[in-house]
Structure formats: C-alpha cells, structure tokens
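In order of appearance the chains are A, B, C, D, E and F, and numbering begins at 1 in each one.
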Amino acid sequence: MTSSLDPPAGILREVVALALREDLGLLGDLTSLAVIPEEAEGTARFVARSDGVLAGTAAATEVFRQLDSDVVVAWTAADGAELTPGVGFGSVSGPLRSLLGGERSALNLIQHCSGIATLTRRYVRATGGRAQIRDTRKTLPGLRALEKAAVRAGGGFNHRECLSDAVLIKDNHLVHHDLPSAVARARAQWPGRVVEVECDTLDQVRQAVEVAADLILLDNMTPEQVREARAIAGPDAALEVSGGVGLDTVAAYAEAGATYISVGAITHSAPALDIGLDLD
Amino acid sequence: MTSSLDPPAGILREVVALALREDLGLLGDLTSLAVIPEEAEGTARFVARSDGVLAGTAAATEVFRQLDSDVVVAWTAADGAELTPGVGFGSVSGPLRSLLGGERSALNLIQHCSGIATLTRRYVRATGGRAQIRDTRKTLPGLRALEKAAVRAGGGFNHRECLSDAVLIKDNHLVHHDLPSAVARARAQWPGRVVEVECDTLDQVRQAVEVAADLILLDNMTPEQVREARAIAGPDAALEVSGGVGLDTVAAYAEAGATYISVGAITHSAPALDIGLDLD
Amino acid sequence: MTSSLDPPAGILREVVALALREDLGLLGDLTSLAVIPEEAEGTARFVARSDGVLAGTAAATEVFRQLDSDVVVAWTAADGAELTPGVGFGSVSGPLRSLLGGERSALNLIQHCSGIATLTRRYVRATGGRAQIRDTRKTLPGLRALEKAAVRAGGGFNHRECLSDAVLIKDNHLVHHDLPSAVARARAQWPGRVVEVECDTLDQVRQAVEVAADLILLDNMTPEQVREARAIAGPDAALEVSGGVGLDTVAAYAEAGATYISVGAITHSAPALDIGLDLD
Amino acid sequence: MTSSLDPPAGILREVVALALREDLGLLGDLTSLAVIPEEAEGTARFVARSDGVLAGTAAATEVFRQLDSDVVVAWTAADGAELTPGVGFGSVSGPLRSLLGGERSALNLIQHCSGIATLTRRYVRATGGRAQIRDTRKTLPGLRALEKAAVRAGGGFNHRECLSDAVLIKDNHLVHHDLPSAVARARAQWPGRVVEVECDTLDQVRQAVEVAADLILLDNMTPEQVREARAIAGPDAALEVSGGVGLDTVAAYAEAGATYISVGAITHSAPALDIGLDLD
Amino acid sequence: MTSSLDPPAGILREVVALALREDLGLLGDLTSLAVIPEEAEGTARFVARSDGVLAGTAAATEVFRQLDSDVVVAWTAADGAELTPGVGFGSVSGPLRSLLGGERSALNLIQHCSGIATLTRRYVRATGGRAQIRDTRKTLPGLRALEKAAVRAGGGFNHRECLSDAVLIKDNHLVHHDLPSAVARARAQWPGRVVEVECDTLDQVRQAVEVAADLILLDNMTPEQVREARAIAGPDAALEVSGGVGLDTVAAYAEAGATYISVGAITHSAPALDIGLDLD
Amino acid sequence: MTSSLDPPAGILREVVALALREDLGLLGDLTSLAVIPEEAEGTARFVARSDGVLAGTAAATEVFRQLDSDVVVAWTAADGAELTPGVGFGSVSGPLRSLLGGERSALNLIQHCSGIATLTRRYVRATGGRAQIRDTRKTLPGLRALEKAAVRAGGGFNHRECLSDAVLIKDNHLVHHDLPSAVARARAQWPGRVVEVECDTLDQVRQAVEVAADLILLDNMTPEQVREARAIAGPDAALEVSGGVGLDTVAAYAEAGATYISVGAITHSAPALDIGLDLD
C-alpha cells in the first residue's frame, strides 16, 4: 500500500542505495564485523528524544530491506504522527550486525525528514488554519521527493515539483517582456498549466489581477501590503506569500489574507529531529 | 587544480546531474523558455545576504557546466572565505535561459554547503583554537562528500569517512564482548587502522587507556568529566568529545581538555546560508 | 543556447549513452574497424527522403559528441522546419569510422522524433487553428522528454509531464467518491494545481462545470456531443477532446468547440520519418 | 522460467525503472493519492481492443513488481498469442492506487511491444512461409532488447544485435577498399564471425558469391532483380532482401527467392496495439 | 580517431568513473592534498619495468581526463607495441595533485590490459602463425570490453562477445536433444548466426561435420586427437581447440591442425605487467 | 547474516548486474533458449578442479538471484575453506536455462575471488605466522571490494580501502616538503588518521621514527635492510614491507622483522582458480 506521505518507491530505492554505498564503503562496517558475532540477533527501538513530527519511515524501512532481508522493521506510528520524547514508535529486529550497519543511514534519513515535518507543522500551527503552508524548490540534490513528502507529513502542501510543471514568472523574467506580455507568452506556449506571477509591488498585483494570473506570489511584502493586495485581488484570488516569513510573522501573514505561505526554511534549514535507535 | 576543499570531481558530477534531473523535469524550465528570448544573454552575481563562510563553489560551477557550456562562471572568493552581506563573490555570464534554469540548483548547493561551513566556523571560533571541531557520519544521503568538504571550508576536520575506514566501538558493540576484548578483536581483524573507543564513564576511559585505544570518544560527558578523563588519560591522549555540545558549551569542553569535539549539528542541522544570484 | 524545442541536456546525455551502449556492444563497430582506415575522414549529409517536419537534431548532435569529439555536426535547418525530400539539412564531418559508427544511433533518434513532429503537424494543420493538439502520457520508456519535445516541434502542445504535475480524474478514480467529492479531495490535497476531470457523459460535464474544474476532458464523444458540452460549459471553459480522434475527424472536433484535442497516436504510433545520412 | 520471447531480466528491470521514474515524477500519482483510499483493493483486466499479437507481458509484470509487491499479475495468454478484441488475456489485482499508478507504464510497454509483434506477424503471414522476416538495428534507444523480443513473438527473427556481433559491409564501407578486399579484411580481423555483404547491383552479387560471403544483402532491389540474384548465387546461398519492402510487396520478394526479408518498419514504425486495462 | 584496439568510448567512461569512485572515496587523495601544493605542476613518465606488450592506453588517458582537464597525456607508443624495460612510452603533465591522484587508477588499468596483451602475444608467438589465438568469455565483470581489446592488442582474436551473439552448443546443452537436433533447433531459432559445436569425442566431430556446424570446438583433446579431427573434418573446416592448452603445448595443437586455439588463461590468469609512472 | 568475508551487499548487486549485462547481451543466452526446453530443471555442483581456497560465494549466489528467483543456491563450504579437487562445495538447482545462463558469470566471479584467496593463503602460510600479509590498492576497477574480501578469505588483511581513508607519504610526495614537514602537514590537515611513511633508506626510517609515523613502509628493501630497520625502529614499531616480495622471499622478510608484508600480486596477478559447475 502506498501512503500519500510516501515518495515514489523507485526514488526511495535510489536514495537509499546511495546512502548505503556512502556509509558502508568498500569493506563494510568494520566494527560490527569485528566485535559482533555473525549469528547474534537483536532488536532496537526508534525513540524520539524530543517533541516532533514523524516522517521518513519508508526510507528507514528501505535501508534495512536493502541491507539484509532477514531484518524485520515494524512501525507503531505513521508519518505525520506526533512523537513524544522517550516513547518508541518503531523497531527493527534481526541480525545484530545488520541493525548496527544500517543504524546511521536509517537515522540520517528519518531525522532529516522528521526535522522537516516538525518545522512544517510548527508553521502550520502558527497559521491557525487561516492559510496553507507550502514548500519551495529550495531542496537538497537527490532528496526533493523525500523532503516534499516530509512537508506533507507535517501538514504542509507541495508547491511546484520542478521547473517543468508550472510557470512562475519572477522579476528576472521581465527583462525582455512586461508582465502582461510575459503571462500571455507563457499561456500561449504552455496552455493548460498554472501561471503564477511574482509581484514585488501592489502595482504589479493589479497587473497580475488584470491578466487573471492563476496564482499571485507576493514577494517580500509586509502583512499590511498583503492586506492591500488581498483588497485589490478580491476574496477568491489565490495569493501566495513568500520571502522572509518566520514563525513569528506567519500568523500575521495568514490573517492578512494569504491563501498560501511558502517557506523555504522548512526544507533548507530544518534542523534534524533528535531520534535514537536504542538496542534492547 | 584541485583544492583540498573540493569533493572529488566524479562525485560532484553525479550530485549535480541528480539535482538538474530533479529540477528540470522532462520539459525544462517552462518559464524561461516562454519569456526569455533564446538569444538573450546576461550576467548574474552571487551575493551573500548575511554573514557567513563560503563553500560549494565547485558544485555551483558544475551546475552551469552541465547545463550549458556557453556559461562562464567566475569566482572572486574561494571556499572558506568570509562573506559580507551585499558583497558579490562570483558571477555567471551567458545565455540568460541557462542562468535562470541553473539558478536554483546552484543556489541550493552553495547555500547548503555555505550553511555548513558557516556553522562549523562558529564552532571553530568558539573553541578559541584549543580543540578541533570534527564532523560525524550524520550527513545526508548522496551529499556526504560535499558536506565534509564544507566542514573543511569552515575550518573543521573530517572524522571517519564511512564505516569501513576506521573502527569505532560504541556501547552497542559491547553486548558480546567487554571493552578490552572488543578492542583486541578489532585490532586483530583490522590491523593498522585507528581504533576509537566510545566511553560513557570514567571507568571506561580507564579501560580504554589501558588497552591504548588510538582515540577515546567521551560521550555525553560534562566538561568536568572531560577534565577528569584528561587527567586519567594523560596530556598526549587523543580525546574526542561528542554529544550535546552546543555553541554555548563548546568552549568549556575545549578548555576541559578535549582534543577533538565532534558535532553532528554542523552537518545535519545547519541552516542554509542566505545567498542570492542577482541579475545585472 | 537552449531552444524551447530541446529536451533537457541531462536527459539527452542519458538517452544517447543508452543508445550507443546498445549499438556498439563490447567490441565496437566491427565493420568500420576492419574496412575503414583509422585516419580516413569524411562528410555525410542528413537528407530527408520524404516530406516531413524535423525534430531530434540535439539528440543526433549528442550521439557524435559522445562518440568522438573530432566530429563536427552542423545543421542548416532547425527542429520544426519542414523538410523537402532530397534536400540536405545538416552534416557531420570527421573521422569516417565515427561517422559510420554513430550513423544508426543518430538516425534512429532523428527519425523517431521527426516522425512524431510530422504526424503532429498533420493534426495541427487539420484543425485549421481552431484547437490545439496536445500529447498524452502514451510515450515510450526513457523517451518521454524527447517525444514531448518533438510534439512541440510539430506545433503541438504538451499535456501533463507525468502523474505528479497535475490531477486528472478519470472514471476509474470514481469508485469510492463521486465526481464533486473527488474534485474537492484533489483540490484539498494538492492546492494550486490544475484539476482536470474526464467526462464520459454530458451529465458529468454539468457536474464538472458546477465544481469549476480547471479542464474538462471529453472522452470518446462525438463532435455533436462536444458541441453540446461546449454549450453547457460556456465559451470560456477549457474543453479537451480525447479518444478516437483521427486525422479525418480532428477538424470536426475542432469546429465543435474543442479547446484542446489530445492524441495518443502522435507519440505511440507515429511512423519514423525516412531520413538518410549520405556520405559525400 | 525464461521464455525465449523474453528480454534478459536485467534489461527489463532497467527499462521499467526508467519508465516509472518518468511517469511518477517526484510526488507520485497525485490523483490516486487524493481520491482512492489507501486500503482500497481492485482487479483490472488487460483487454485487447483490436486484433493483434501479444508481446511485452514480462515488462508489464515488472512494472507492478517494482511499484508494489502486493500486486498480483496473472496472464492467461503468453507472448506470441493472437488477441481477440474484447477478450481479456491477463489481470492485475491488489491495492487500487498501485493498479492505477502503474497502468500507463504497463500499457505503454505492452502496447508498443504488441504493436511490433502484430506488424511482424502480418509480414510473416504475407510471406506464406517462403522467407523469414528479420528485424534491423532501426530500434529505439534503450528498447532494442524489448523490441527484438517482440519481433520474435510475432514470428520474426533477429538480425544483428548490434555493431559488434557481426560484420555487414555496406556501400559506405567501400570507399577505401573494394568489396573482395573489404571482405578479406573483415575476415582477417574478425575470424569466425558472419560476414554479410550489401549488394546494390547484380555485379556486386557476383563478387559477393565469389568471396563466399556468409550472407548477401540485396538492397533496394526489385523482386525481379532478387530472382536474378538467386540464380547467380545458387539455391543454397543466404540472400537477405532489404529496403522498401512493404506488406504489399513482401510476398513477391519471398517468391523471388529471398531467404530473409529484413524490415525496419516492424520496429521503427509499428503503431501501438490498442490494449486497455479495465477495472472490474 | 578510434583505433580497432580501443574499447567503445562509453564503456571506457563507465569503467574509469567506477575506478575513480573506488579509489578517491569521499574525501579524495588525502596525502596529495596535504603535502603537495595546489599550484605544483609536474610531469611523469610511463615506464615498463619488464618486457611486454602495451595495452590500455585509452583507459589511462580517460583516467586523467575525468580527474582534471588540465592534465595532458601523451603516448609515444600505441597499444600493441613491444615495451622495453626502462624505456618510457608515454607521459602525463599537469597539476601534480592530479597526477598522483590518478596514478594508481591509471596503472591498475594499463597493467592489467598490458598483462593480458603480453600473455596473449606469447601464445600467438608460440603458434608460429599456424593457428589463431582467441579469447573466451572468461573475463572479469565490467571489464570484458577492455580485456577483449587487450587480447587484440596482443595479436589475438575475439571469440563470442557474449551469450547473445552466437550459438555454442556444449555437452550441457545435449540433455534434451542430441547434437544434430540441437544444431537444427539453434539454426531454426537463430538463423544467420554462427553455430559452433563443442565436441569431446571424434564421434561427435563426425556428427558436427555431418550437420555442417560453422565451427567445431575440440574440447580437452590431445594434439593427436586434434589431428584426427582435422582429418575427419577436412582441410577447410574451422576447428577450435580449447581446454588445457598451455604455452608449452600450444605449438603442438597449432601443428595438429587447429584453426583457432582459445585460451581462457589470457584473460582470467594473466599477471599484471609491471609498469611504473615515474615523476621527473 | 553478513559474514566478515563478504563485500557490502549493494556493491555485490552492482557488480553482478554489470556482469550479467555484459554476458547476456540484448537477446539472452541464444543456445539455451534454443536447445533447452523452457520447463527443464536441473542441478549443478560447484567442484574444484585443483587445490585452493574458496571465495566469492556471495557473488555467485547473487548471479542466480538476479537471473531467476526460482534457482536455489546452496553452499556446503564457506569462503575461506580449503577446496579439494573433485569435491563439490555447493550447488544450484532450478530451471536449466537459468543455470546455464548464469554459469559463466558465476564462475568468472568465484574463480577470480578464489584465485586471490588461494594465492593470499600461500603467502600467509609462507610467513609462518610471523607477519601479516596485506593487500594494496592494486585492484581492478569495480572489483576492489570483492578482491579485498577475497584477501580476507585467504587469511590476509586489508590495507587502505582507498586514497581517502589514510595518509601514505611516498617519495613522490616529498618534492615540496621533506619527510618531517610532510608528516606534520598531513597530521595537521587530517588529524586522527593513520599516517604511514614510505622509506627507501634506513636514513628515512630514522626520520620516520623521529616523527613517530604510525606505520613505516619499507620499500624495496632486502631482508637484511629490514632487519636493520627493525633495530632502528624498535620492537613495537609497525613496519610494513613492500615491493618485490615473492613466495620465495616472504619468509625471509617475515623473519627479518616485518609486521606486515603487502603484496600487490595477490590481487593483480592471481591466476583464476580452476572451478567447474558440473551438471548432474
């Protein structure tokens, strides 16, 4: 079964293979091979060491699946669940060498994803439900699918997958065409796709409304400016706030009328969530 | 020429190919293709938006090299340099579509690496030169080589590359053998390699000293305990402090006698450094 | 410079590497190695053997680039150009062994892409400009980016890149939710994305209009039904006709009020365009 | 068990991974994730919508295997079987999200392969058993193994796998050496391999016979010329007819004495066979 | 220019990328980075330390090309040349770090290939030109193309590329069909390909002659038996001797009438040729 | 369960996929497909044809796992075991086509690895336990992990995994810094790692002792010189002998006081061990 919080299986396989190649090197886990008997078995529990939101369990499962088919992974919480410090939420059982050999790779993945889910949830909470938190393309190479899945686990929503699924006209794109002409060109060339327009000024908002942009991105505006943009655009327009939004200001933007608030920090600056794998 | 701050060229090529595959999708950059004329040229400057330490320039260069051989990338600062907000440190010139198409991938890489270098440097500074900051294996899948290079750019040092280059005996490894026997086994099986021993107590430190461990990892100890460990181990022993060290406590650990202080946070929780690519 | 008719460079590199790996095997081109002197040089011209539309030049260029950097490729026509039988539109010059070794791979790519562009253009022409021809996800594994670029070269437009860039609710999706509820769920989970709804009946069209679907896909309808759907949906609704549209009926659908007509055949059933590479 | 109509398993895995990576993107199947409950199960049947010959079942099986190990794929017909419109020949059962998520990839593969098998069989039938139909190297990048397997399913035979398994001397190879000398060189350098010679004239056929070429390729000849070539070469010579052979002329060539008739169109221009996956 | 002694360029790229990934690890060449100044330049010469035959220069060139485009590689001898101990046959110039970083990878490749070429040449010489030495499929994973190219450099010839380019019926294949029936089946299924038959007895040779096998493999026969086989098969039959042929017996087999003598040892057991890279 | 004699699972998967891709080509095993019935089953036994040490069983298992999940592989001896000619040590059972299709790939791997283990063991035996035999970086591209595992199976020990896990200062590194300064630089830049120093003279040995190098590599010295080096370095110093050590001289070096003797030949020049796969 595929959860809507999971990245595609093929991507998981590639990312985990990369992680294990990096971490096991050419010789494998020297320490376990030397001091753990080959036949030793064990069980270890995933335990949160601080509050947070779980994400990345599918990746952790895949680590042990690739490493040793004799390892059994079981989860008692799913991605998106709130974690309580000291409480276990999953376990791995099997050959001890494999548990220790995969520990770091599994934790690196689950801590990173949970860190993103946790920060996302804090933003989501801060909006009080008045706006939706969205991610950006500010993700790490090879990890975008996992990071965007983690955003969903945190209660956020996914913005553009990549440069080829929607149009987003920014100031840099307006060197050779003005906003209306740029929108017209984008629509002509890529019909049937979302055309979003980044606006730095209320004047641009007016232009964007006039050309009926599908989404209006309000870049680096104050909550007050957002309020004015909302007034200009009307209650049904999709307004996305972006740039310089922090946990302290996100509520103000939500109240000011943002439909979406996109936050790069939830992917590029989320600290890892502290999670351990405790051997029984 | 290869800087000691660069990751191996082959890894850079793989990581960047992955980043571009993710970001360009199957159709490419819809927006630029629609609103930027094919023959338009431009120049953009990399500019720091906050204080920090530069890292990841080789990765950014590789982005544009893979995207379009007509783009020229030039750096006026090298990895490891201190960045001043508002001051440019590099530029890209060439077909405007390519500049915009590679912008996000290049920034994602350089911001992540510079974020790591910046946080590393803060730790390095905080030690006042009395101890060395080291990274850990707490890195992101596929990015370890880049992240470890960024740590070096920040003035830190690299711990184990992976599980197969050195032995590190932790508490989980002592289920079937006591510490001296584990060390003996590791030395017997992997002669000529560094054997590091994680100690949770001063008693274990004494055991580690007795078996002449090459490195002693003091896990989750207070500065006071580190001081005692130093007294036990003698002035020449290599003591590595790890676990729960923050910017506020790192100086105390350095003073207490740590040779190395390893900090997972510099790789797994460094916020991206705010860097922009400003079109002229 | 990147043409909007080119697939992303990274994909081209992967596809061409695959093609050459298949065609050169482990020993290379036995025949050329045996009967062509190593130092022999030559020039060959790409010549159309029948009418058609050119596409895939970037792929052909990449074949020779990967094979031998001494080969010079030059085009006198660009993707999208109409080809005249017997008239050359490009040339390759350099070591004869490399020209012959890459010939088949280059031709396979350019013939396939030009075949798609040619069939697309025939559909485009047949609509008389009253509707836009769009492709589908009915593409061949590994070749989607090239095939969608070829559709653009033919004057067509690209529909969804893949399953993850837009929502398209078909009859199979309505097992557990009715149409309005399905649309609501899709919008709730993936806000800010295009939601297209496939309608098999005019009743469904009414429902789709009520929920303000971004696009309405009219599946296997007659031109007459399309006309009624247009009447129901109003002049501004985006109506996409799909299913069983041939060159003989496409005009009728365009006249009946289709905004887009999507045709699987232009990718999955376009015969290769007959193109030769004639040695001078 | 490996059927002689299957491509090697490793190639199937690579092709299918590529197909799924393309079609699922970074987020997966948005529509199914939104409107199909995670626990919903279903069964769908592969049904031909027109007459044809089945091929590509192994590829379709691999799609669902990679996507979700809970999906069960069962076939009631094997590659090479004649399909009847409206009659099912296989089924997939399991999580509905996975059935819908893999549908397009599986159909793209099976429709393409069956299209090739179908067109091949038509050529095979048209020869009335008097000659064998062979494929060429005119295949699509990455798909050669699947396409050549589909040709076998259609009753055709495989010509050269690639440039490195046999020698085929064409007119372009005779710039520096005449035909006898070219054959001699090829035999000297690659002893123990098939040396085939392309002949454009009966004179060349005589030369080829004189040097005892293993195979003689009659390029773009009329049936009458083929008859003369047969007279020249004798009843036991292997004569391959190639170039401009259509379904309307293939019988004439077979009657004229061709041993093999190689047809590029069966791989490069076979329309997809119309096959559906109908949900129960 | 492509020499007939080179493996295909794409394979070289893959093999060398693999070699460098293994040897540079995640951090690169620690030693050079620490003790060689970044700007230091140098020149080093490839020098044979014992007699032998050169092969693998293209692979060595590719090592430095991938590592650092500033390194210039020049050869004064080509693959196939006889090497004299102490005499240089090529040089690399450029950044010293890159010369040292690539040294081992380049030498590993060139020593292995030259080892194969050298042993092959010894066998070739031993036959006195009365038979041809051929390789087998007894090659190392990933290196077959390079090893077969090295055999050619040594004056040997390439047998089957892989299982899919020719038929070779061995005793294990005769469990369900006798020799004539097996040959008939192979010819029916794979027409136009070489069908070789392994014979353990002279009786089998007679059968093989009767069915006109293209090649007859005499397995583990004595020179005397080979002589009898030749008498049976006639002067024009292609007889391949295989199994237990050493440098001491190869001449006897050649004299006895072998057309080809295939020797697994030239690929699976050739010692590396001692070659150094001496810094000026 | 993971044996300390196995390479990491991910590497095995990659190497075996490469081997099968090479050997099966695009069409598969023509011979088996033609002459072995699809439903035929069989059992074959791995049998040594000469004395030696077993290695590479995990790789052989992986060959059949990738080829056909219906094949059962069972071993009665483990890596490191002594093999007796004519005695079986493992078997494969299942579809006969798959047994024959994987035979060569499995044997190539197991023969190569066992050849290395066998030669290693001979060196190990020759030392009489007075020194340890170590491998070098003189391995084949893509096979280092398997070859180093085979060395362990033979009773040898692994030296550096790659250039990035330890420092080894050779004469080429001393162009810009003298030995003490080079050691100091290496320690400063890569603290906590082994620093080994290659010495060509006893004078250099004295310098290396003075700077307390972790390992001293005695390059191309006579046993007598090694004895003097031991006297200089003291009984506890780790001395590694390298260069020109053969089976005839290794005992003398061991007696002379070598701690380790590293032998390139055990990986780069070990002849394949003769092992067969005999069909029951």
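Assume a contact is a pair of C-beta atoms (placed from the backbone, for glycine too) under 8 Å apart; a residue touches a chain by one contact, two chains touch by 3 or more.
Quantities reported herein were computed from a predicted structural model and do not represent experimental measurements.
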Chain D reached from chain B - shortest hop count over touching chains: 1
Given chain C and chain E, the chains that contact each of them: A, B, D, F
Chains touching both chain D and chain E: A, B, C, F
Centroid comparison with chain E (C-alpha atoms), farthest chain: A
Contact-richer chain pair (by C-beta pairs counted) among E-F and B-C: E-F
Matching chain pair for C-E (criterion: over half of the contact pairs shared, by residue number), options D-E, B-C or B-D: B-C
Inter-centroid spacing, chain F versus chain B (mean Cα positions, whole Å): 32
Distance between chain centroids, defined by C-alpha means - chain B, chain E (Å): 43
Length of the line joining the C-alpha centres of chain A and chain E, rounded to whole Å: 50
Multi-partner residues of chain A (at least 2 other chains): 4, 22, 24-28, 33-34, 101, 144-145, 158, 161-162, 164-166, 189-190, 193
Topology of the chain contact graph, where touching chains are joined (line, ring, star, complete, other): complete
Touching residues on chain B, where the partner in the complex is chain A: 15-16, 18-19, 22-37, 40, 42, 96, 100-101, 103-105, 107-109, 111-112, 115, 137-145, 161-170, 172-177, 182, 185-186, 188-190, 193, 264-265, 268-269, 271-272, 279
Residues of chain D that touch chain B when the two form their complex: 22, 25-26
In the complex, chain A residues that touch chain D: 1-4, 6-11, 144-145, 148-149, 158, 161-162, 165
Contact set on chain D toward chain A in their complex: 17, 20-21, 24-28, 33-34, 38-39, 66-68, 70, 95, 97-98, 101
For the chain C and chain A complex, residues of the former touching the latter: 4, 132, 134, 157-159, 161, 164-166, 189-194, 196, 215, 238, 240, 259-260
